[in-house]
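The following blocks contain the structures, represented as structure tokens.
Consider the two complexes below, in which subunit A is the common component and subunit B and subunit C are the respective partners.
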Partner chain A sequence: MQIKFERVSADYQFGPVRTPLVLNNVNTSIPAGSFTAVIGHTGAGKSSLLKVINGLLLPKEGTVRVGDFSIEPGKGQKGLKEIRKRVGMVFQFPESQLFAETVEKDICFGPMNFGMSEGEAKQKARKALQFVGLDEILLKRSPFALSGGQMRRVAIAGVLAMEPDILVLDEPGAGLDPDGKDEIMKMICSLHKEKGLTIVLVTHDMEDVARFAEDVIVMESGKSVFHGKVRELFNNDDLVKNWNLDYPEARKFQIKLEERLGRKLPRLCMTKEELAETLIEVGLV
Partner chain B sequence: MSRPIIEVKDLTFRYDLREENDTLSSLSFTIHEGEWIAVIGKNGAGKSTLAKLLVGLLQPQSGKIHIDGLELNDSTKWEIRKKIGIVFQNPDNQFIGTTVQDDVAFSLENENIPYREMKERVDWALKLVGMEEFREVDPSRLSGGQKQRVSIAGVLAKKAPILILDEAFVMLDPKSRNELLAFIQQLKRKEGLTVLSITHDMNEAAFSDRILYLKNGKLANSGTPEEIFGLEDLPFHPPFSEQLRRLLKELGRKVPEQYMSEEEMVDWICK
Partner chain C sequence: MNKLILGRYFPGDSLLHLLDPRTKLLGGIAFIFISFLAKHIVSLILLWGFSFLVMKLSGVKFKVYFRGVRPLIWLILFTVTLQILFTAGGRIYFEWGPITISEFGLVNGLFIFSRFVMIVLVTTVITLTTKPIDLTDAIHFFLKPLKPFKVPVEQITIMLTISIRFIPNLFDETQKVMDAQKARGAVFGEGSLFQQMKALVPIFLPLFSNSLNRAEELADALEVRGYQSSNPRSSFRQMHWKWQDSACLFAILLLASVLIWLNSINFLNIF
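Right, the complex of A and B next:
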């Protein structure tokens, strides 16, 4: 399902007070079935961009199109339910949203809220739990008796049980140990590859961007200042410097090495595998 | 060596007595004034539990904690908490003020710091974390990373001699993370700040003088970053140069057997 931002601006309103624009004339589109990373500094509008996709933040100007549905100012809450059924949203620290007495009830809450029968929801819960790599035994346990990594997976399972077409995630690996994080990232990757889900991922980790994402959006002061292939971004030193971004480790190493060698390697290396292969190919190791 | 500031002896803790294993079992270590200690380990190894025990948010089943010479117990915990600033992983768990500056000032108000000094310290801390423009803003309106900055500012403003960071930088972009770490290192050097940072980030652990590696509630290993980073079994990915070295070895290339820093690796490739 495609997501299209047409000149979208948004701010937050608290009583009579309005904030400065958190999204400022965002004009871009995320193709169906793509894996897009959203990067940029804290407060650049990354989380806000995610929120307008399912109407948690309504645009002040412009239109957000999700498949055939649209979110526009003045349209109110109409159609949002349809959109929210299709856009699964995983927030920062999603485990803080867990609330039910059992893992099963927690996972079933979303699907039942969207009109699924209890039996069907339970079936989906089982499937979703399996997909996030947790044992069925946990279904009857309290979500609060689980470890941090397990809680996070339960929270993600609750979103997957709704069988969304688009999965939007805000730093899903934050605070997990590297193994736990790897597992979550691989799981997201297989949702993308096997089930064809459109993934939009906010992250600060350039390794994730390099390893998993196809496209990347750079947010800066509420604007989308770059939207293109990951390779294109990391191949352009001016862009990376301009937006104060970081390179993936392999690329950093490559730059150091090229400086010392006084010549360039034949291609851009974003992962250690690529770098090792290239070093072997040119006979340096 | 300077004087010990955190002394932990035979610390054992279990959340639920029905559980089979202790969350922490017979943990002992000493941290000296002005040291930077990184605590590493997988999720569930007991790192955050240790932080909560050190400030008396949890009571151990057995064992003793001394902070700056004082034994931690119910009657000393308030005195001890004045000496420690702690930043938790999820900043939403520690907001109190209705504006950013009130929140940063909260612990100072608690300690009856005179208004002028309080204002100076709040200004100083907000500037450090790059949040001075947001001083009048309601913290709940900030982004995740901005919230994390504010909670760091609150703890820095307190100017406690011990700083505990529990995954305090996970929502910051890599540049700001390094800037803040470098600043804390400066405080450590100039003012003898003691730092205990719980982290999954190797770059953060690299700032430390000594690493404590927890495994299933026990101290599995401790040593300098160089010593620890060479271990085969680490709770985080080894440094990039080490990853590359192992991969090249797997691919059947002749590589040196020992750990090489990035510079050494570049030297070796350019040999």
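Right, the complex of A and C next:
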């Protein structure tokens, strides 16, 4: 499913106080089946961009189109359920949304809200739990008795059990140990590759962007200032400097090395594997 | 939730913002008592004048204050209606069984309505112009004399401070959990009362669990940094008594005296 932002602006309201625009005239579209990373500094509007996709934040101006559905100002809550059914959303620290007595009930919450029968939901719960790499034994346990990493996986399973077409994630690896984070990222990647889900991932980690994403959106003060291929971004030093972004480690190494050598390597290296291959190729190793 | 003005702080640098929190706390409590002194229409006008004066001095728009009264208006009207219907005395305009609308009832109703609204307005002035944390400092100051009587003043104050400190976090977290459950298809504020109550479980359980966890972490953090409430402590925020504070308390005292004086003379003799 395609996600299309048409001149979308949004802000938050607290009682009498309105914030400045958190999204300012965002005009871009995320193609179906793509893996898009959203990067930018704190407060640039990354999370707001995610929320506006399934109507948790309604646009003040402009239209958001998700497949054949649209979210427009003044349209209210109508049709949001259909969109939310198709857009799975994993928030930052999703383990803080667990509430049910058992893991099974918690995972079933989403699917049953969207009209699945209990039996069907339970089946989906089992499948989702397996997919996130947890044992079925946990189904009957209380989610509060699990470890932090397990809770995170259960929360993600709760979203996957809804079988969404689009998966939107806000820093799914934050606060996990490197291995745990890596596993979750690989899981997301396989959802994209094997099941063809459209993935939108907010992250601060340029390694994730370099390793997994195809496209990248750079947000700055509520505007989408860049939307293109990941390689295109990291190949353009001016752009990266301009928005004060970080390079992936391999690219950093490459830049330092090129400075020392006084010549360029034949291609842009974003991951360490790529870097190693290139170094062998030019005979430096 | 967003509409409740009472208990919210509006930053500013008006005269009232400058006043010592002790003055404002004391003044606010005094005003509540003073409002019960008003027995005469002139007193009532004086009190209204005072209320509008402090509202003006706070530098916050009147509109904001009346929005603060709005959530309470039904409670106020209910009380006033009871007063009007069940007070007898003076000229009687309408009578039906135990229900009478009389002169005294109407006057009483006016006084109760005014008292209610004025107290809400003046306390709103205080909370709008005083940081909650400053108010707890003031409460601490006034509780101090109770220390010899084994009242755990420091514990009470730190509890107050911590709870106030975490109100915004709790709001944020409620919002986050609500968003997360909405994204999983939960619907709030629809269906029968029972369904609506049931829909709140997925919000409150995570909130409780997170709060309990946080309380435990906070207690640990306090302990490893050697916090002990029984130790003598100095404060980062110092309260300074200024001449404006004395002036303000004097004004309130004057208001009280005038009201007492008005009660003592009989106006009917003048007319």
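Definition applied: the second predicted complex is superposed on the first by the 285 of 285 C-alpha atoms of A that agree within 3 Å, B and C clash if a C-alpha of one lies under 4 Å from a C-alpha of the other, contacts with A are read in each partner's own complex, and residues count from 1 in each chain.
The rule we apply is simple: contacts are C-beta pairs under 8 Å (C-beta built on N, C-alpha and C of every residue); 3 or more make two chains touch, one makes a residue touch a chain.
Just so it is clear, the model here is predicted, and its values are computed rather than measured.
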Clash or fit, subunit B versus subunit C on superposed subunit A: clash
Have a look at where A:G175 lands relative to subunit B and subunit C in the superposition and call it first, second, both or neither. first
Using the superposition on chain A described above, determine whether A:K81 touches subunit B (first), subunit C (second), both, or neither. second
More subunit A residues touched by subunit B or by subunit C? B
Would you check which partner chain A:S96 touches, where first means subunit B only, second means subunit C only, and both and neither mean what they say? both
Which subunit A residues contact subunit B in one complex and subunit C in the other? 14, 96
Would you tell me which residues of subunit A are touching subunit B in their complex? 12, 14, 19, 39-43, 46-47, 92-93, 96, 147-149, 170-171, 174-181, 204, 206, 244, 246, 249-250, 252-253, 256-257, 260-261, 272-273, 275-276, 279-280, 284-285
Footprint of subunit A on subunit B - complex, ascending: 41-44, 89-90, 92, 138, 141-146, 148-149, 167, 170-176, 200, 235-237, 240-241, 243-244, 247-248, 251, 253, 255, 262, 265-266, 269-270
Could you list, by residue number, the parts of subunit A that touch subunit C in their complex? 13-16, 51, 54, 56, 81, 84-85, 87-89, 91, 94, 96-100, 109-110, 113-114, 144, 158-159, 162
Give every residue of subunit C touching subunit A within the complex, in rising order. 2-5, 8, 64, 67, 173, 176-177, 179-187, 201-203, 205-206, 209-210
